[in-house]
Amino acid sequence: MKTSQDLTFHDRVVALTPGGEALEQCLQCGSCGGSCPAGADMDHTPRGLFAMIRAEMEDEVLRSNTPWYCVSCYACTTRCPQQIPITDIMYTLKQMAIQAGHYDHPHATKFSETFIGFVEQRGRSFEAGLATRYHLYHHPTDMVRLGMMGLNMLRRNRLPLRPKSIREVDQLQAILAEAKAIAAKETYR
Amino acid sequence: MTRQAYTYYPGCSLQHRSHAYESSNRNVAQALGFDLVEMDDWNCCGATEYFSLNRLPAYALVARNLARAANEGADELVVPCSACFLNLHKTDKQMAQYPDLARSVNQALAAGDLHYTPGTVRVRHLVEVIISDIGFTELATRITRPLYGLKLAAYYGCLIARPDSIFDSTEHPTTMDRLFEVLGAESVPFALKTFCCGGHMAQISAETGFEMIHKIVKNAAENGADAIVTVCPMCQLNLDVYQNSANKLFDTDYQVPILFFTQVLGLALGLKPSDLGIGQEFVDAMPAINKISEVPPPKPKRERRDKQALPMPVMPE
Amino acid sequence: MSQNGTFKPVLVGFLCNWCSYRAADLAGTSRMGYPATLRDIRIMCTGRLDPTFVLRALQQGADGVLVMGCHPGQCHYQEGNYKAIRRFALLKRVLRQMGLEDARVQLHWASAAQGVLFAQTVAQMTEQIKALGPLDWPRHWPDEDPFARIALAMQEDAHE
Amino acid sequence: MSDKRVGVYVCHCGHNIAGTVDVEHVAEWAWGLPNVAVSRDCQFMCASLGQDMIEEDIREHGLTHIVVASCSPHMHEKTFRGACERAGLNPYLFEMANIREHASWVHPHDKDGATDKAKALVSAAVHRVLQQQPLEPLQVDIRPETLVVGGGIAGIQAALEIADAGFPVYLVEREPSIGGHMAQFDKTFPTLDCAACILTPKMFDAGAHPNITLLTYSEVEQVDGYVGNFTVRVRRKARHVDESLCTGCGTCWEKCPKKVIDTVFEAGMGYRTAIYRPFPQAVPKYPVIDTENCTYYQTGKCKICEKFCPTEAIRFDMEDEYVDLEVGNIVLATGYDIFDARRIPQYGYGRLANVFTSLEFERLTNAAGPTEGKVVLRDGVTEPRSVAIIHCVGSRDKNTNEYCSAICCMSSLKFDHLVMEKTGAQVYNFYIDMRPIHKGYEEFYHRILDEGTQFIRGRVAEITDAAHSPEEEGKLIVIAEDTLIGRQRRVPVDMVILAAGLEPRADAQGVAHMFGVGCGDSGFFTERHPKLDPVATMTEGVYIAGACQGPKDIPDSVAQGAAAAARILGVIFRKQVALEPIRASIDESRCSGCRICNTMCPYNAISFIEELSVSRVNPALCKGCGTCVAACPSQIITGAHFTFEQIMAEIDGILVDVHTAPPEHTAVEAV
């Protein structure tokens, strides 16, 4: 039985992704990079990232902005001639980046109150995108729109209010706590 | 005839930013004679965020909904939001595909006294339900106010076409285009019909997001669309709310309203714009709606084939 | 049962000469690993499979029997595998009556090109039989004459 | 049984077996098996040393049965049977245990398991061989006629080789003319000589050869029999033109008022009339009437062709005919279909006018094609200023076809040259890997590089007309990652050519089944051995040549056509062939006459003899499947070499306890 220390970075990426074995089949054809609507902003194309994973460039891969620019549109996944679950690998890389502590910004506590916080505490959400925004904090982006936008949203009855809570929050929290416990054990299996 | 009732998972967006979609869904269902019964105590699907952070809790979060729907006796779950649809459908499919995953997810669900057997609940998108279960022929008989003269761009976005094409081509879907023709409207060519709206990108890296929005709006406008029609609250939000920001960034002045498919369907069924949530959009839809004519537009003359031209490839029906 | 106590099942395979035996050959030339549990016997066609063969194998100590032929519609002899399907159903009926677990005797298809499928099938069946444990036929059915039963069933079928 | 003396030989096959299986131990252990008189291990049994050893042992030790544990019987059964025969032992008293493909190669990490399995397989073989009976192979005469199915370059080559050697050939072709895909091409790589110039003489030779009977516009409907004696039913579709009167003058198709798009020869790029000859150099020269489009067949009126035919050769009432051919051997050379590019919608084929397939481009650039060789856009006039060629369309893609189509790199390079020569346009190639692998091909690649073509390493993501910038307006934009830079690129061009892959014919499965050959995962016909027997199949007497066996270019197709012919000529010259005597026979004295077996036989080889009230097998028709053997309720049908006793003994042998200690044995003693 291999322990986590025996597993290469590549092996861990594969193990953490359902269907991840297909990663070994990458032809480096670039269908993913060509299909990606956000490809222009990525520091490496997905294909490039896969070559880096094979080369065990763990640190550089986990510091890449590529997974964070992934918009989960699945264009790469459906076009990949080797049927690699690329979008799911991006999820895995984000998760590994967070665990590796590359998720380092001063507002980490705020982050827990945002999207995930609401989902975990109330079972419902009100705004997507916050988690990623916090990660990319050190890539300064234009946030101009927020002020005017809020006013307009309010006028049209579309302001994101704090979400309602589901009834059986306890059940959800018990499930999530158990899932986290299993995940912690499973991570490098 | 018994009235068809569907177990319904509205998703968070429809409760906050996309009331318009919710009200048009409700009223269209009413008009078409079926019920959308909201499942009890559903929770957020996790959008795209949760899967990024911790895979297993994300699957468990989604699976709680599937398990509860199954406990209610539902064998189908109807979802109007493409992102929720994807997460629910994908979790069901992957649990079936990867038994190890199913085992872990069920271990987590057990902490809440739940269990889910993959394959129990068939996850369906509302647009597919209306098109397959009611069908174009039946829909055609229900039209009271044909949308003559209205040019629509059918925008499918990503998540009903990918990663699993449930009822249409992944790359070049056409069901919504056919729906528009049934409604009396014209479906314009739209190369970017499955191009991504940017998802949450507009809130993360505005320029990246706005560029994607700009491309889609530009392509629809250049093809003469009076409105873009979507099946997803996230797509509607991006294209509508950020259209002017994108205009500013690219120095353009597109004003293409973004409607939900149930809104245009509702109009053709004779429902009032206000019953369909029309008026909550940022880019005003009324100029487009006012274009609807009482009479069908004249049939375009068939262009004579240029003698020199080579034939186009023969396409199957 | 091996010396150290872990159960290593013994499976007897009946492979048709044209598809599944060649699939097994291809698994070999392609070096696809699978558990060393299957001992295979070549027959020209699954249509040749006399149900008695399966019973004999189980009686002589096999923990499971795997029959593999060409895919339906692909039989080298046009329709031998369809005959096999019918006989197999009959055999399963008898085996079920005797209380044998379904996974013990399986019928699968592999074309000559499907070395991977062949290897996967053996691996999968090995896991299933491992989970069931040893069969030990003589202990369960010391006095049973399954051959008479099957002969009877076949005659009934032939007259149907 | 005591007078039976079995020799067991366990092969090391170098490290192939001995690296995993403890062969010395297996040979030692085999001494304990019944009637074993000799048991040895040997480095290479198939080498002359190993074969000599068997022969010597048979002679010196009076061995009556032989078991060799080595590779698959499909590899070396013939070899060892030969050794037995040379030593005077009936070859059917030999049995093989497959401990390489089925043991050492598949259990490399389980040496004990592999050794146990090898012992069980050896034991099975010993138990079985003791039950085996001497058999004589069936000798059958070989008819000298050969059937060639498919009149493309591979089929033409095979037919000519056999006909030139003096034997009759029937060449069956589905279309109205022979020539196949090659007749559609303009130039051929890498020499750029004109396809028609090198093909037409061969077509003419095939048409005029006294030993070749052309059956064009015909299809094989049924195949019966076996090597040497096949009976083949061919449907000759009605041409509606009397070939004995027609002079091929062309008046009929010049006068025919009905024009339809020619989706076959012109690949949809041009038109033909309802009565047509697919191309000027067609062999035979006679036209056919396409009844689905002919005005007369649709409305009952017209008959213009009949009115103008100077030799009164038009026959509206002609019907399909069936001919039965008796042949000794068959060559399948049925070719390929081009990948349907609509299956990749993101490339826009069928939607975006100026996206062409490679076959369409062949017609475009062909001097005899719809534009007389002018490379123009779909409008028929405009010359492209820029062209993108997309490689691997429908190849190397698990969503369509996983295999490499082998010819697209080279045909794309050929297109590069033709586009530049004819239009001076800038050409971009989008490729994953360049594979110009045969003689002169790499040099051709270098020449194209010299000519200024751009090569962008990246599989194209999509082709769109949605412009994002003024320079993209009105163009097709090819979007791909340039993987050598690691950046997305958008390349606006006027024309796109999709290098569509090669696929098995749509009806390949049905054809394979009719002729008793197999199809691999990719759907192409399966050869007997991928390296050592590439044109034979698992069915004796049926050979394959050309792209029906897998994607290949013209030189390889010609080579296979000639190779199949050489194999067949060898058989014809031998006049006879030995068949495995694996046949069923009925013990008529015990047959109850229930007739169950009669209906079981797929070949109608069992008939019921009314006067005797028994069933009887015709050994010439029986193929030895054994279905009747298993079905006989009285168990009185014997399947030679696969008898009930033999298989039961094999079962008993395969389940012996393999953990017994090897016995003490005395050294081999001479008899």
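Order of writing sets the chain letters: A, B, C and D. Residues in each chain are counted from 1.
Note that a residue touches a chain if its C-beta (ideal position, glycine included) is under 8 Å from a C-beta of that chain, and two chains touch if they have at least 3 such contacts.
This one's a predicted model, so the numbers in the text were calculated from it and none came from an experiment.
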Two chains joined by the most C-beta pairs in contact, as defined above: A-B
Gap in Å, rounded to a whole number, between the CA centres of subunit C and subunit A: 47
Distance from the mean Cα position of subunit B to that of subunit A, given in whole angstrom: 23
Gap in Å, rounded to a whole number, between the CA centres of subunit D and subunit C: 31
Sequence positions of subunit B contacting 2 or more other chains: 170-171
Interface hub residues of subunit A, defined as touching at least two other chains: 40, 75, 78
Shared interface positions of subunit C, touching two or more other chains: none
Interchain contacts (touch definition) - all pairs: A-B, A-D, B-D, C-D
Complex contact set, residues of subunit A against subunit D: 27-36, 39-40, 44-45, 47-48, 75, 78-79, 81-83
Touching residues (chain side subunit B, partner subunit A) in the complex: 12, 15-19, 41-44, 46-57, 59-61, 64, 94, 97-98, 101, 104-105, 107-114, 158-159, 162-163, 165, 170-171, 194-196, 198-208, 212, 234, 241-242, 245, 279-282
Residue ranges of subunit D touching subunit B (in the complex, touch as defined): 261, 263, 268-271, 342, 344-346, 349-351, 353, 357, 360, 364, 370-371, 376, 378-381, 462, 464-466, 468
Subunit A to subunit B touching residues, read off their complex: 16, 18-19, 37-38, 40-41, 67-69, 71-75, 77-78, 85, 87-88, 91-92, 94-95, 98, 115-116, 118-119, 123-133, 136, 139, 141-145, 149, 152-153, 156-161, 163-164, 166-168, 171-172, 174-180, 182-183, 186
Complex contacts: residues of subunit D adjacent to subunit A: 346, 392, 396-399, 432, 457-462, 479-483, 486-488
